[in-house]
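As written, the chains take the letters A, B and C, and residue 1 is the first residue of each chain.
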Amino acid sequence: MRSRTVQSTVAIAASASLALAACGGAGGPQSGGSTKLTDDKVVLGLLNDQSGVYKDLSGPNSKVALEMAIDDYKAKYGEKAVAKTIEVVTADHQNKADIANSKAQEMYDRQKADVILDVPNSAAALAVATQAKNKKKLYLNIGAGTTALTGASCNKYTFHWAYNTAVLARGTAGTITQEGGTSWNIVYPDYAFGQDMNKSFSAEVATAGGSVGQSIASPFPSDNFATFITKAGEGSPKVVGSMHAGGDLINFVKQFNQSSLKGKVQLAVGLMFITDIHSLGVDQFAGTQFTDAWYWNFDEQNKKWADRFKEKTNTRPSFAHAANYSAAMNYLEAVQEAGTDDADAVVGKLEGKKINDVFLRNGEIRKADHAVTHDVYLAKVKSSAPEEWDYEDIEKTIPAAEAYGEANPACSMS
Amino acid sequence: MSEFIQYTLQGLAAGGFYALSALGLAVIFGVLGVVNFSHGACYMLGAVIAAVLLAELQVGFWVALLVVPILMFGFGVLMERLLVRWLLALDPLYNFLLTFGLTLILVEAVKQRYGVSGLPYEVPAGLGGQVSVGSVNLSAYAIFACVFSVAVCLAVGLLLTRTRIGMIVRASTEAPERTRALGINVGRWVTPVFGFGIALAGLAGVLAAPTRAITAEMGSNFIIILFAVVVIGGLGSILGAVVAGLLVGLVEAYGIAYAPTYAQIVIFVLMALVVLVRPSGLFGREEVA
Amino acid sequence: MSDDRSRTTTGTRTTEQTGHDAPAPEAAGAGSPAVAEPDRGARMLEVSGLSAWYGEARVLTEVGIDVAPGEVVTLVGRNGAGKTTLLRSVMGLHRQTEGTITFDGTDLAKRSADARARAGIGWVPDDRGIYASLTVAENLLLPPVVHPDAWPLERVYEFFPVLRERRDFPGTRLSGGEQQMLAMARVLRMGSRLLLLDEPSEGLAPVIVQRIGEIIREIKGQGVGVLLVEQNVKFAATVADRHYLLAQGRVVEHLGNDDFRAREGELLTYLGM
C-alpha cells in the first residue's frame, strides 16, 4: 500500500482540476492510481428544506456547517487526506416526499454524491432512506424525527444522527413527570407526526408514573387555539403538553400566554427548536421545558464552534447545524480510515464507533439500528436573553442510554 | 354551564376578529367583483410590517394600528392601478388568478427577506393578562381585539350608510352599470375602495400580530376561513361578513369544545349548508351571486 | 307597410366601418339629416345610421331618429324590435355600435355613460332601477345635479307626496307604481334635459298610468325632451308628438300623432295587442 500512496497522491492532485472541469460527468477521467475514490472526489449531498418551515433550522446554513467540517478534515490530515477534493451539492426538497425522492436519486446518480445529509421532514426522510438502500450509498439523517428511520425503514446505509420523537418523549415527558409534573393534558396536531408524538408522550408519562387526563387533537394547520387551551386546562392538570411544530406551535404558545393557564400550569413542548424561540421572542416561551439535542452555549467547546459558525453566518447554530457538521466530519474520518469512499467500507468504519465531538457526547453509532446515540438535554427557556440567541438553561443532561433506550426492535438490518 | 359561556365568549372574540378580517374581502368583491385571493397575503404583510416597524424603528403596536393600514392603502392603490385594473373587464377568474400569483410572490418575498421561522411581537402593555368573571376567563387582548374589530366594522358600516361616499359605494356595489347611467363615475371610486379593502386586511394583520405566529405563511390557511366567512355572509355583503364572522367564530369554538378534530370541518359544513339553502349567502343579493 | 317607406325615413349611413364598438368620431359633422322632415327647430338628440350588435347578432340597422326639446317621441314595436337597445346605445351602456349619436350638437361616441348622464341624459330603465340598498331619499339624492333647472328635493316631494312619506324606506319596499314615480323623480331631481323612459306604464294600474302621463306632460312643458319606449299604444297616443315604429331593428314608420291615432287599430294588430 505504502508504495502506491505517493503515486496516487500525485495522480489525485493532477486530476483534481480535470475532475472539476469534467464536472463529475459519467466516464470522467479515471486515473490509474486513484481507484480508492469514485470519480476522484468525495461529494457530500445536502438535501433539506431551503425555503419552507425548516429553512432556518437547518437550510442553507447547514452547507456552511459542512464546509466547516471539510476545512477541519483538510486541516487535520493535510497531505495525508484520502479525500483531496471534496464537494458539496445542495438541493431543496420543499418538504415533499416525492421531490426528496427524485432529488436524492439525482444526487446519487448524476451528481455522484457519496452521501446525503440532513433531510428534515419525516416523509421526505423515509423516501430518501429507500433510495439509499437501493443505490447502496450512505445517508446520514439529521433533521427528521421519525423513529421509523431506525425501525421498520432502517437499512445498512442509513444512519440517524441527532434525535428522534422517542428521545423527545423520554427526555421531556419522562423528566417532567419524574420531577413532579404528574398530571398532563396533551394537545396535538391531527396528522401522522402529531399522533406519534401524542402516543409516545402519553406512554412516557405513564411509564414515569404520571397520567394523561385528555389528549386533544387540533386540526392542522390551525390559527385559533383559545378554546383548545381552555379545554386543555380542564381538570386542572399540572402540565399542558403541546405537540405542535412551527407556526402552529407559535400560535399555541402566544395564545397560551394570554390565557388564564399562564403561570398556573407548566407548558411542555414536544418539539421545539432554538429558531422557534428566536422567532417568538424569549419572553413568550419563558419557562417552557423541552428536550434539546444540543445547545450552542452549553460549554466552552460548543461555544467555540458556535463562534466560528457565527463568523460565517452572522447567526448562532441550531442543533441541526452542529449535527450536520458532526455527521460530515465523522463520514470524512471514516473515509480516511477506510482509505476509500466505497460505501460498504465506510459503513464498516462507522458502525459501532464511539465518538465524542462538538455535537456528540458519549456518542455511539449503534450497530443494531444505526441510531447515533448521545447525551441529550432537558432545556428550560430563560426569562430573558443575556445576548441574542442565548435562550436556554440546560436543567439536566439526560444520559445517552436513558434517552435512547434499547435498540429499536422493529429494525432488521438485512 | 360556565364552560358553555366560556366557549361562547371565546367564539365571539374570535368571530369579531374574523369579521374585520373578512370585511375588506367583502368590500372589494362588492364594488369591483374581484375575488381577491391575496387578501390573506395582505393580512400577512400587515403583521410583518408591524413586526418590522417594532424591531427596526421601535414603532409600537398603537402607532402600527394607524400607520400600517395607511401603508397598505398605498399598496392597494398601486396594486389596483398597476395590475387589477387591466383585468376588470375580463372574466373574474383572471383577477382571481392574478391575485393568486401575487400571493405566491408576496409570500416568497417575505420568506426571502425575513426567513420562515417568523418574527417576534409582544402583547401591548396592559393587555397581557386575563379578565375573569366567576369561572369565565378571557384574555384581555382577545377582548380588545374583538371590541376593536366590531368598532371598526361599525365605523365602516356608518361610513357606508351615513355618508355620500357610502351611498355611492353601496349603489356601485348593487348595480354598477345603472349607477354609471346616473352620472356617477364608478371607475373613479374603484381605486380608493380597493385600497381601503387592502388597508382593512393590513389592519387585521396588525391586530393578529400579538396573538398569532407572524410568518410568511400566516395568511395561507387563514384566507380559506375568510372565504368561508364571505360565502356564508353573502359575497359582497358587509353586514353579511360581520354576522358570518361571528357565526364562524362561534361554530369553531363549539366545534373545538365538543368535537375538536372536526373544529375546522364544521365551518365548511356550515358553509355548504348555507350555500345549499341560500346560494347567495345569508345576506347576499341574488343579482350579486 | 313596405320596406320602401321605411328607407325614406331612415337616416343615411354616415359612418365609416371602423369596427363595431368604435364609431368614427368625425361622423358627427356629416350626420345632416338626409330626408325631408318638417323642421322642428333645434334638435336635442340626433341618432343617425345607428347599427348595434350583440356579438354577431345585429339588433339595430341604420336607425335614425331625433328628439327636440319639449318634444315627446315614442319608439313603438314588438318585443325584440330593438327599442331597449336603442335607449341603451344612447345612454352609452351598449357600446357595440356604429353610427352617430349627438346630444346638443356634441358627438357622444367617446363619452362614457356617466359623462352622458352628466351632460343631461336621464335614464329610467324598464325595471325602474331602484336600489334596494338605498333608501327612497338616497335613491333621489344619489345622482349629481347636472342642470340649473333641476327640481329641488322640496319640489320633488310636493309633486310626489308619497316619496316624502316613505323617504326612509328601502327603495324596493315601494309598490311598482311608486317605484316608477321614484325612478322618474330621480332624473328630474338630477335635472336631465332628455329622458329615456323605458316602458314606464308597464304593469301599472290605469290610474297610475294616467298620473305618469301627467308627469310627462308637465316636464314636456319645461322643455325637457322625452324618448319613450312604449307598447301601450293608447297611452303613447295621449302623450307623444311623434312616433317611430321599429321592426327587426329598423325604423319602418315615422308618424305624427294624428296619423298614429288614425291607424291605432292597425298598429294594435301589428303589435299583437
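Things worth noting here:
We take it that contacts are C-beta pairs under 8 Å (C-beta built on N, C-alpha and C of every residue); 3 or more make two chains touch, one makes a residue touch a chain.
The structure displayed is predicted, hence computed values, not measured ones.
Counting only chains that touch, the fewest steps needed to get from subunit B to subunit C is 1. When every chain is represented by the mean of its C-alpha atoms, the one lying closest to the mean of all protein C-alpha atoms is B.
Centroid distances built from C-alpha atoms place C farthest away from subunit B.
Between the Cα centres of subunit B and subunit C there is a gap of 43 Å.
Remark: subunit A and subunit C have CA centroids separated by 78 Å (rounded to whole angstrom). Here the spacing of subunit A and subunit B, counted between their Cα centres, is 39 Å. For subunit B in complex with subunit C, the touching residues are 164, 167-168, 170-171, 173-175, 177-186, 285.
Interface of subunit B with subunit A (complex): residues 3, 6-7, 10-11, 13-14, 108, 111, 115-123, 128, 130, 132, 137, 139-142, 210-215, 217-218, 221-222, 225, 252-253, 256-257, 260-261, 263-265.
Across the interface of their complex, subunit B is touched by residues 91-93, 112-115, 117-118, 123, 125, 129, 131-134, 138, 141-144, 146, 186, 190 of subunit C. Residues of subunit A touching subunit B in their complex: 51-57, 190, 216-219, 221-224, 226-228, 230-231, 234, 246-251, 254-255, 257-260, 275-276, 278-281, 283-284.
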